[in-house]
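Both complexes shown next keep chain A, but they swap its partner, so chain B is in the first and chain C is in the second.
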Partner chain A sequence: MSKLVGKGITKTYGGKDVLHSVDLELESGKIYGMIGRNGAGKTTLLSILTAQNPATKGSVTLDGEPVWENPAALKHLCFSRELAQVSGNNVNTMKVKEYLRIAATFLPNWDKEMADRLIREFDLDVKKRIGKLSKGMMSMVTVLTALASKADFTFLDEPTSGLDVVAREKFYKILLEEYEQTGRTFIVSTHIIEEAADVFEEVVVLDKGSILLKENTQELLERSFHVSGRAEEVEAAVSGLRLYHEERIGRSRGVTVLLEPGEKIRDGYDVSVQRLSLQKVFLALCGEEA
Partner chain B sequence: MGMGNVKYWGRMWLEYMGAVMGIALALMLFFAGGRVIYPGDGINGIWKTICVFYPAYLVLSAFFIFSIGTISSFQTYLPVLVSLNATRRESVWGILGYNAGGVMAITAVIALFWMMPSSEVGNVTELLLLISGILLMFSGASVLMGAVVGRLGKKGVIIFIIFCAVFGGIFGGMAAITAQKPGDFLLDFLMNFQPLWAFILGIGVYVLAGAAAMMLVRKMEVRV
Partner chain C sequence: MNEILTQEKSIYIQIKEMIENDILRDILLEEERVPSTNELAKLYSINPATAAKGINLLAAEGILQKKRGIGMFVAQGAREKITAKRKKNFYDDYIKSLLAEAGSLGITKRELIEMIESSEEGGR
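This part shows the complex of A and B:
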């Protein structure tokens, strides 16, 4: 089993830490979801894990081999970056077909058949310049590149941003089909948590440059509860537990708890205990609306 | 260097060579069209004329295409290539390779023209050494500027503009001091070089510029 390991990754821009000594281990054969608010450091972390940007401190290895400027390790990775409509001499000046030709040249496991099929399925105009594409079409180029790369570790940065509901459904369907057929590892960063939650085997929550948790999604949801009721009843039911995201309305109180092994919400109190969705867990952990 | 890199930059080299030769032809037809230096020699005179003009425009268009192409390679293509798993090191090798390959190819094409029986150009070897040396120096400067622009972004573009302005200012000033047309001044200036030394200097500048470019892009951030 392959492992991509980041140790003590720190990234500083203009004297400000964007990532604080992040440790992360990604195993092959899983779909990871990386969630975090804007500016949490998701893209920075993904770009460092794939050697696209250097870390200020720390290291990234694939099965013990450094990935930085190492073609032998890089051939197992693909980070399909989110394309954006920015002016200047950049990828936007290229035609889609030129971009895909470069991808086919440098990604050693490029699946041309799959790329052609996705071009047809997404109805992508490859003769257009990337800068002239709509946001959704740009996302399709990102998705297409990632899937056709056939890389063992494939990273997608906000792949569904700009896609309509139909295209998003199609993307998740193709992603799962590909995962079932190949067992490739996918690491998907996204803001749209709810619809992706079912797809993620493990979730990595990043907040203000640090990893808050990395856990099996199902196990996380099984230990996450919202406890609400009269303030004193809630307080008694959850006493001794670590509380997240408290809210108070008059004499009522609601708290989120993530139970650790051996912990439980005390019985015998008049409180409502509800399971949480991944989005609600994220809200509780990061404190504010996603 | 991986096969993908060789394939990619080899294709780039072919495209640039096609552009250089095509533009040289267009320039020759546009600026020298109809002028025959040896009118009494018939068809042979036309060939002799082409042997004089085409190499000159080839060098001119090489300056133009390779400088723009090299800077664009660092600014636009290198980040895309790195984002698609090429390494910075092999990308710089690719850029250095197609530039050096371009100089060699242009020198070879010029040599072909000048070695034709109808050509009346003398001291071919010396001239070829001089041309390839100067092209290498120019390519080296383009590689260095490209790396600065690629590494520093907008600041790099400003440095590049200042560099061009200073270079142009010095060149124009010296032409003015010697009361010559810029073209004549450039020709005199170049002809004062010892061909072998120009060639050696060209290689030296190219190697140093390549090493500096490697250093500059060593930890370049990728934002595509």
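This part shows the complex of A and C:
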């Protein structure tokens, strides 16, 4: 089993810390989800983990070997960047087929057959220039590049952002199919949390340049609850627990709790205890105070 | 296997209960193969590890049986096992919440019993 390990990763842009000493271990054979608000540092972290961007401090190793400028390690990594209509680089003037040809040159395990199959499946016009593609088509190029890279550790940055709900569902099915057949590791950053939650074996929450948590998605959901009712009853039921994201209306109060081992919501109070979706947990962790 | 996943319970518990429901309804018959972890993962767009957790719980309860190299099968006597288990949990799963709601509405036990007796559905 392979391991990609980031230790003490700090990134500073113009005197401002974007990542603060991030430690992250990714094991092979899992699908990870990375969620965080805009500007949390997701893309920066992914680009550093794949050695496309140097860290200001810290190290990234694959099975103990540094990945920076190390072709032996880099052939196992692929970072498929999000394309955008307005972008600082020259990619947008390229035709899709030129972009894919370059991807094939840089990615040693490129699967041309798979790329061609996905071009047909997505109905992608390879003669178009990247800059002229719709947002959805751009996402498809990102997804296609990632999947056909056949890299052991494949990073997808916002692969679903431009896709409609049908295409997103299709993307996750293709991802699961590829995962089933190869056992490759996927790290998917996304804003569209709800429908992705059940696909991720583990979820990494990044907030303001730090990792807030990295946990098995189902276990996280099993310990997250929303407790609501008359304020005094809620107070008593959750006393001693760490509360996230409180909201109050009149006499009623609602709080989110993430139970640590050994903790529980006290019985015997007249409160509603409900389970939360990953999106709600994320909001409670990273949202603004109500 | 075509129920829709909801938020209220863990996904693996729902997968487990769906298979149980299918066995109770004779959609899945005893000694028949059940969908594989990967088939379930694709059908519901869930992580295969989560689907496997549900399947493995059923195997641990003896409701499913693993046949090496072929897959998971509905064990003999699975139907009875599920019925017995659900009967045992009936009080916790249904009666408790029924009594709680009745309590907060001021419905007496006597009234509850009358409702059940005059009901035309279920039970005998």
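We adopt the following convention: the second predicted complex is superposed on the first by the 284 of 290 C-alpha atoms of A that agree within 3 Å, B and C clash if a C-alpha of one lies under 4 Å from a C-alpha of the other, contacts with A are read in each partner's own complex, and residues count from 1 in each chain.
Here is the rule we go by: contacts are C-beta pairs under 8 Å (C-beta built on N, C-alpha and C of every residue); 3 or more make two chains touch, one makes a residue touch a chain.
This is a predicted model, so every value here is computed, not measured.
Engineer: Put the two structures on top of each other at chain A: do chain B and chain C fit, or clash?
Structural biologist: fit
Engineer: Which partner, chain B or chain C, is in contact with more residues of chain A?
Structural biologist: When the residues of chain A touched by each partner are counted, B comes out ahead.
Engineer: Under the superposition described above, what is the C-alpha centre angle at chain A formed with chain B and chain C, rounded in steps of 10 degrees?
Structural biologist: 150
Engineer: After the superposition on A, what does A:Leu77 contact: first (chain B), second (chain C), both or neither?
Structural biologist: Only chain B is touched by A:Leu77; chain C is not.
Engineer: For A:Tyr99, using the defined touch cut-off, is the partner it touches chain B, chain C, both, or neither? Pick first, second, both or neither.
Structural biologist: Touch status of A:Tyr99: first partner only.
Engineer: Looking at the overlay, what does A:Leu221 touch: chain B (first), chain C (second), both, or neither?
Structural biologist: A:Leu221: touches chain C, not chain B.
Engineer: Once the structures are superposed on A, label A:Glu180 by its partner contacts, choosing first (chain B), second (chain C), both or neither.
Structural biologist: Touch partner of A:Glu180: chain C, not chain B.
Engineer: For A:Asn53, using the defined touch cut-off, is the partner it touches chain B, chain C, both, or neither? Pick first, second, both or neither.
Structural biologist: Touch partner of A:Asn53: chain B, not chain C.
Engineer: Please provide the least distance in Å between a C-alpha atom of chain B and a C-alpha atom of chain C in the combined superposition.
Structural biologist: Least C-alpha distance after superposition: 28 Å.
Engineer: I'd like to check the shared interface: which positions of chain A are touched by both chain B and chain C across the two complexes?
Structural biologist: Dual-contact residues (chain A): none.
Engineer: In their shared complex, at which residues does chain A touch chain B?
Structural biologist: 47, 52-54, 69-71, 74-75, 77-79, 81, 83, 89-91, 93-94, 99, 102-103, 105-108, 145
Engineer: Mind listing the chain C positions that touch chain A in their complex?
Structural biologist: That would be residues 5, 7-12, 38, 41-42, 44-50, 53 of chain C.
Engineer: In the complex, go through chain B and note every residue touching chain A.
Structural biologist: 2, 4-5, 7-8, 72, 75-77, 79-90, 219, 221-224
Engineer: Under the stated contact criterion, what part of chain A meets chain C in this complex?
Structural biologist: Its residues touching chain C are 30-31, 169, 172-173, 176-177, 179-180, 195, 198-201, 217-218, 221-222, 275-277.
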